[in-house]
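Multiple structures are listed underneath, in structure tokens.
Next, two complexes with chain A in common: one pairs it with chain B, the other with chain C.
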Partner chain A sequence: MRTDYPSRFDAAAADLDAALFFDTAASRLSAGGRALAYFAVPEDGAHRLLLAIGFDREGAVEVYSTRVAGPSFRALTPSFPELHLFEREIWEQSGLRPEGHPWLKPIRFNTPGAVPGVADYFTVHGSQVHEVAVGPVHAGVIEPGHFRFQCHGEKVFHLEIMLGYQHRGAERALAAGPDARSLRYAETLAGDTSIGHAWAYCAAVEALCGVNVPPRAQVLRGLMLELERLANHTGDLGALAGDVAYLPTASFCGRLRGDFLNMTALVCGNRFGRNMLKPGGVEFDLDYALIKELKLRLEAAFRDVAGAAGLLWETSSVTDRFEGTGVVTRQAAEGLGLVGPAARASGVGLDTRRNYPYGPYEGFTMSVSGSGDVYSRAYVRWLEIQKSAELAAGWLDALPEGPLAAECGPLAPGCGAVSLVEGWRGQICHFALTGPDGRFRSYKVVDPSFHNWQGLAMALRGGEISDFPLCNKSFNLSYCGRDL
Partner chain B sequence: MEIVKPLAQYLAALALAPLLPGVINRVKAFFAGRRGQPVLQLYYDLYKLSRKTPVYSRTATWVFRAGPAASLAALLAALLVLPFAGRSAPFSFDGDFVLLIYLLGLARFATVLAALDTGSAFEGMGASREMQFAVFAEPAFFLGLTALARAGGHASLAGMFGALTPGIWRVAAPVLALLTASFFIVLLAENSRVPADDPNTHLELTMIHEVMVLDHSGPDLACILYGAALKLWLFASLIACVVLPRRTGSWATDSALFLLAVLGTAAAVGVVESVMARLRLLKVPYMLITAFAFSALALIFQMSR
Partner chain C sequence: MIKAFFARLRQGYRTMPYPAAPVKLPPRYLGRPLLKGRASLAVAAAACPYGAIAAGDAPSLDLGRCVFCGACAKAAPGAVEFTRDHRLCASARRALSLTGGEMERAEPLTRELRRLFGRSLRLRQVSAGGCNACEADCNVLGTLAWDMGRFGIQFVASPRHADGVLVTGPVTRNMELALRKTYDAVPGPKIVIACGACAIAGGPYAGHEECVGIPKDIPVDLYVPGCPPHPLTILDGLLRLLGRID
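Right after this comes the complex of A and B.
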């Protein structure tokens, strides 16, 4: 069923007969569709499968659902690899077995008796082949994840990434809402994407309430989202420089990331933008003095970032290290359904702000770089930094007048809503379903990391094992956003 | 008196070596706009580590425990044949530079064995990389010392460095310049500095030297850190002797100039680390082959001089 994005739709209208559901899904996915979310919700002793497909070219979202009575369903993964993690997740969460799935194993280990990381791994045999296991405890202060390399000397045949250590039951907690805690859960789905996930949550609730967000609130949300993007992209460029031991950019960007975070804190009192958004609008306003201060700081920080990032492209030892490292082809990126800067670095023309324009992003133009290597992923970030700074400066100059928030009433019962937001890491998808009582029946979150981890594994294939940390940093994915 | 001075110089080298990493760190901090850690940080670290109880894996054998001590012993012995400010070393004989290279090789061998003994995949990778790069670094260093022996007409380290005078730069500048460049590249690679390695990284998969010593702790780690400082001192003082041959007859002035040159070499390492990124691992051999080419050219120039 085609829905008007981003408004709500009647959940019952999406229902299809089981055979028709899988045929339709296959035909829509091969007709330019991309899986946004695919999950199962319990329904009267059986399960209902829900699939949201996004059509990036048209900016349309279609939702299909079917009731699965038996213990298994037809796996679509063999034809559409982008679904492989979704189907594994369905199997793990509901017990429904995707028949024909080529690599069925847990993804979060949250079922009784499952131990994180304990599963069958892909292995390569041969007298010169060796296996390197990294994590889940790492040397840096980072999140836990297990990486298993099948290597031949320095060359990597295959990398398998096993996560799930960060599972917190966030979706279940959100599904118990909406209540006072729901927004706080959304803000902490991935700690560095507070604004992005909070916005996706608010947009889903607003669609279910049928509320329009006032223009001033939309622009303020956009401003905060772009500040979040600026902070993270700047931090990433610094971290990339740090990984190749290039001191100047690493040191500068570490400080500059803080400058952007402090600007966020100036507006809402929290460096990560917590408490800024609420369903219907925003909590904090800008007055004239604050706008002036933000403009000054933005200008100064952007000028410094331009200098620090410029050093990267001008230093031959850095570009030599970045170029040709960790290549993800466009074909692989599209096949795996990659999103965000990682996809745009492989030449995929997908940016939610352009393809599914929302809020203040009408007329947005996208930044794409083509070579799919670490250089490309770094350079796309720099292009986006420029774009974000330009957008933020423009909004500060011309902030619409009007109220900060609209009143949200009760949620429409028996409905669903899909919300898409371009977080700094890529497309965030929230899919909310309400029950007959007007409360959430299920709440599905798809963080961009959920799609992109497989891209990192592909980037290493045929590469050098010593390049892994650099490739990993160039994706900079969230563990908790994926494990939820 | 003839035995006291070389001994005093030897002890001075042992005492001053941990200063060099401190100087490098301060230079890097300066470039990064930070204040940086104290210059004497390594002394504090060594003191702290020496009082700790080492932790040993149940799977490691005596090879692992002996590694750091054997490696440090080899480096301490290597320093015995090293001239200080171009003057005689505690031990000196014809061909002692071959012994120096073998002692460095022995230190490496002990470290690599200890790394392999842990059975860790990381350490095995590090050991493999260390040996691979040594294959390229050692010939460059050996050939460089041979060229120097020809230039000075002596086959002992003290002799060849003693024969170096400011005057020799006038007649054999290309040879000495090439040797300086070659030794500097070998220094960077042998002491796991940027662009060959990154001493500051926490990413095991990219490490070369650091990953081999991950499992050592306490006094063992102190031995390794101190040994690394001695090795840095050794290479820096060779470069200092080439770049700044002795000028005056005065013991004190010569020593001060020499120390300045050693610290200057450390500062140069810091500058290199601050302005360039690390090489891709597979390209490190290219850099070492360049050093070999420099040494070979120096030898050819010297033979045809």
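Right after this comes the complex of A and C.
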């Protein structure tokens, strides 16, 4: 069956016979489909598998489901590596074993007896081959994770990333909603993507209520999302400069990131955009004085970012470190289902704002760069900064009139909704299912980082271990968004 | 090189004059909440999804549980009002329970500790669950706009180089051991800072079986409320701890 975003669909209509489910999944994934979400939901003592496939070219989403009676199911990972983490997650959460999965091990270590970081690691043996283990506590103010490098001297043969330290039960708690705490859960799935995840949550609820968001609210959401992107992309360019010891851009961008966060706080009081969105619309409005102030600040901040970023491309000590470092080929990016700037930097033409237009994004043109290295991931961010600043300025000039929110009634029972939002890290997917009582039966969150962590591991292959901080920063993935 | 020089000229000097001059906070910023009246406090208490408000004979609002969503003030504007006061830090957990009177602000460290840390405080940050927003606002303090280094405060990579730990997040089961090991690795005397609603009382994740909180035997010297705390709130707490402002 097929659902056009953001409409809801009848959950029962997605049901297929088990054999047909796996054959259909395989044929649709080979016919240009990309896995958006794949998970299991308990159902009368057994489990139901649900798979959402996105067709980027057509901008369509298809959903299939099947009931699994036995203790295992057919793994699709051998043919479709993009599913590897989804199937490991299904196994860890439900106990259903994906038969034929080549790399079956825990991802969040949240089952009884599991010890975080303790699993069978891929190892390389031989004379002078050695292993380097880092984390969970890293040398910096960043989130925890465990990284193991298989090295020969400086050369990295393989990097394995074990996370799960940030697992705090956010997705499980969301599935018990909707209630008064749901929105804050969405805002803190990944704190630097508060607007992105809150929008995805609101869009899922709105689809289930059958509510259309007024145009003014749509544009205000867009404005906040682009400010979030501007802040984070600017911060990333600064951090990348810092990792190659180019301090001018590092210092300038650290301050400029704060300027964008302060613009967000000017609208809703919180630097991360908390309390701005709500199902049906937004909480805060802009008056003439505020619009004027935002325009002035946006113009000034953008001018300074242009100056700070411009230095990067002209400084040979920077380009020497950026170019050719941490290359992810287009083939690898597509095979692993990478999303966001990381995918676009490898030449993959996927941006939710273009491929699955929603809200205020009409006729959006995306930014792609082809070389797949750190330079490319930095440059795509700069292209997107320009685009976001242009969009935000345009919206401030022509804010539609009208109400700030529509009233959301009860959720339709027995339905499902898939919402897609292009957060600054890439495509965010929320998949909500309601039970017969009109409450959530399950709520699945797929942060862009869930897809992209494997991309970072691939970027290190054949590289040098001293390039890890730079590669890591060029992806800047979320630990908490993946661990939930 | 010359271009970097001109860029530096254009960007200008950006370190804020704080604490000599106040920082301008946005008009919609939600700071320290104020208990105004008892009349509709029960409505505000019912509206709080985190059980931070107690109505009844001994009304109070627990800043440690508050995530500053503003639901209480929206439901009962006569009972709770959010001021724009960013000074939220406290030295004792009980001081976070606001009852309507003056808030007991964070106390300076003992004379002995201030002699050691007063002009050079090195902190090891441990992220233990949470959403990475507290971490982001700690990082901000290192940028040239805030330049925490001018007060002698710095985040360091190794716990062996640190004078204390700053904990963010609700401390997940999966991070409990790592937090303890990091704390143990810091040489004494050492301080502990609980930064953000999560680290103080679980924040949005209060009551989750996946989270254990900061272990009881690790004493906390400074509580920094907020979800996430504004950088100004964190800096205010640190400077009070060192006796640099009052």
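The working rule: the second predicted complex is superposed on the first by the 484 of 484 C-alpha atoms of A that agree within 3 Å, B and C clash if a C-alpha of one lies under 4 Å from a C-alpha of the other, contacts with A are read in each partner's own complex, and residues count from 1 in each chain.
The rule we apply is simple: a residue touches a chain if its C-beta (ideal position, glycine included) is under 8 Å from a C-beta of that chain, and two chains touch if they have at least 3 such contacts.
This structure is a prediction, so every number in the text was calculated from the model and none was measured.
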Chain B and chain C placed together on chain A: clash or fit? fit
Query: Should A:Val132 be classified as contacting the first partner (chain B), the second (chain C), both, or neither?
result: first
**Q.** Partner chain(s) touched by A:Gly191 [first = chain B, second = chain C, both, neither]
**A.** second
Is A:Gly307 contacted by the first partner chain B, the second partner chain C, both or neither? second
**Q.** chain B versus chain C as contact partner of A:Pro469, first or second or both or neither
**A.** first
Considering only the touch criterion stated at the top, classify A:Leu266 as touching first (chain B), second (chain C), both, or neither. second
| request: Could you say whether A:Ser317 touches chain B, chain C, both of them, or neither, answering first, second, both or neither? | output: first
The answer to whether chain B or chain C touches more of chain A is C
Once chain A of both complexes is superposed, is A:Asn110 in touch with chain B (first), chain C (second), both, or neither? second
Q) Touch check for A:Gly140: first (chain B), second (chain C), both, or neither? A) both
Exercise. In the superposed arrangement, does A:Ser251 touch chain B (first), chain C (second), both or neither?
Worked result: both
With chain A at the apex, the angle to the CA centres of chain B and chain C, rounded to a multiple of 10 degrees, reads 60
With chain A overlaid, the minimum CA to CA distance between chain B and chain C in angstrom is 5
Overlap of the chain B and chain C interfaces on chain A comprises residues 139-140, 248, 251-252, 315
The chain C residues in contact with chain A across the complex are 3-4, 7-8, 10-11, 14, 26-30, 47, 49-50, 67-71, 125-140, 142-145, 155, 157-159, 169-170, 172-175, 178, 182, 203-205, 208-211, 227-228, 230
Touching chain A in the complex, chain B uses residues 28, 31-34, 121-122, 124-125, 128, 194-195, 198, 200-206, 273-283
Residue positions on chain A within touch of chain C in the complex are 108-110, 116, 136-137, 139-144, 164-170, 173, 179-181, 184-185, 187-192, 194, 248, 251-252, 254-255, 257-258, 261-262, 265-272, 274-275, 284, 304, 307-308, 310-311, 314-315, 478-480
Counting only contacts in the complex, chain A reaches chain B at residues 130-134, 139-140, 153-154, 241, 243-248, 250-252, 315, 317-318, 320-321, 325, 464-470
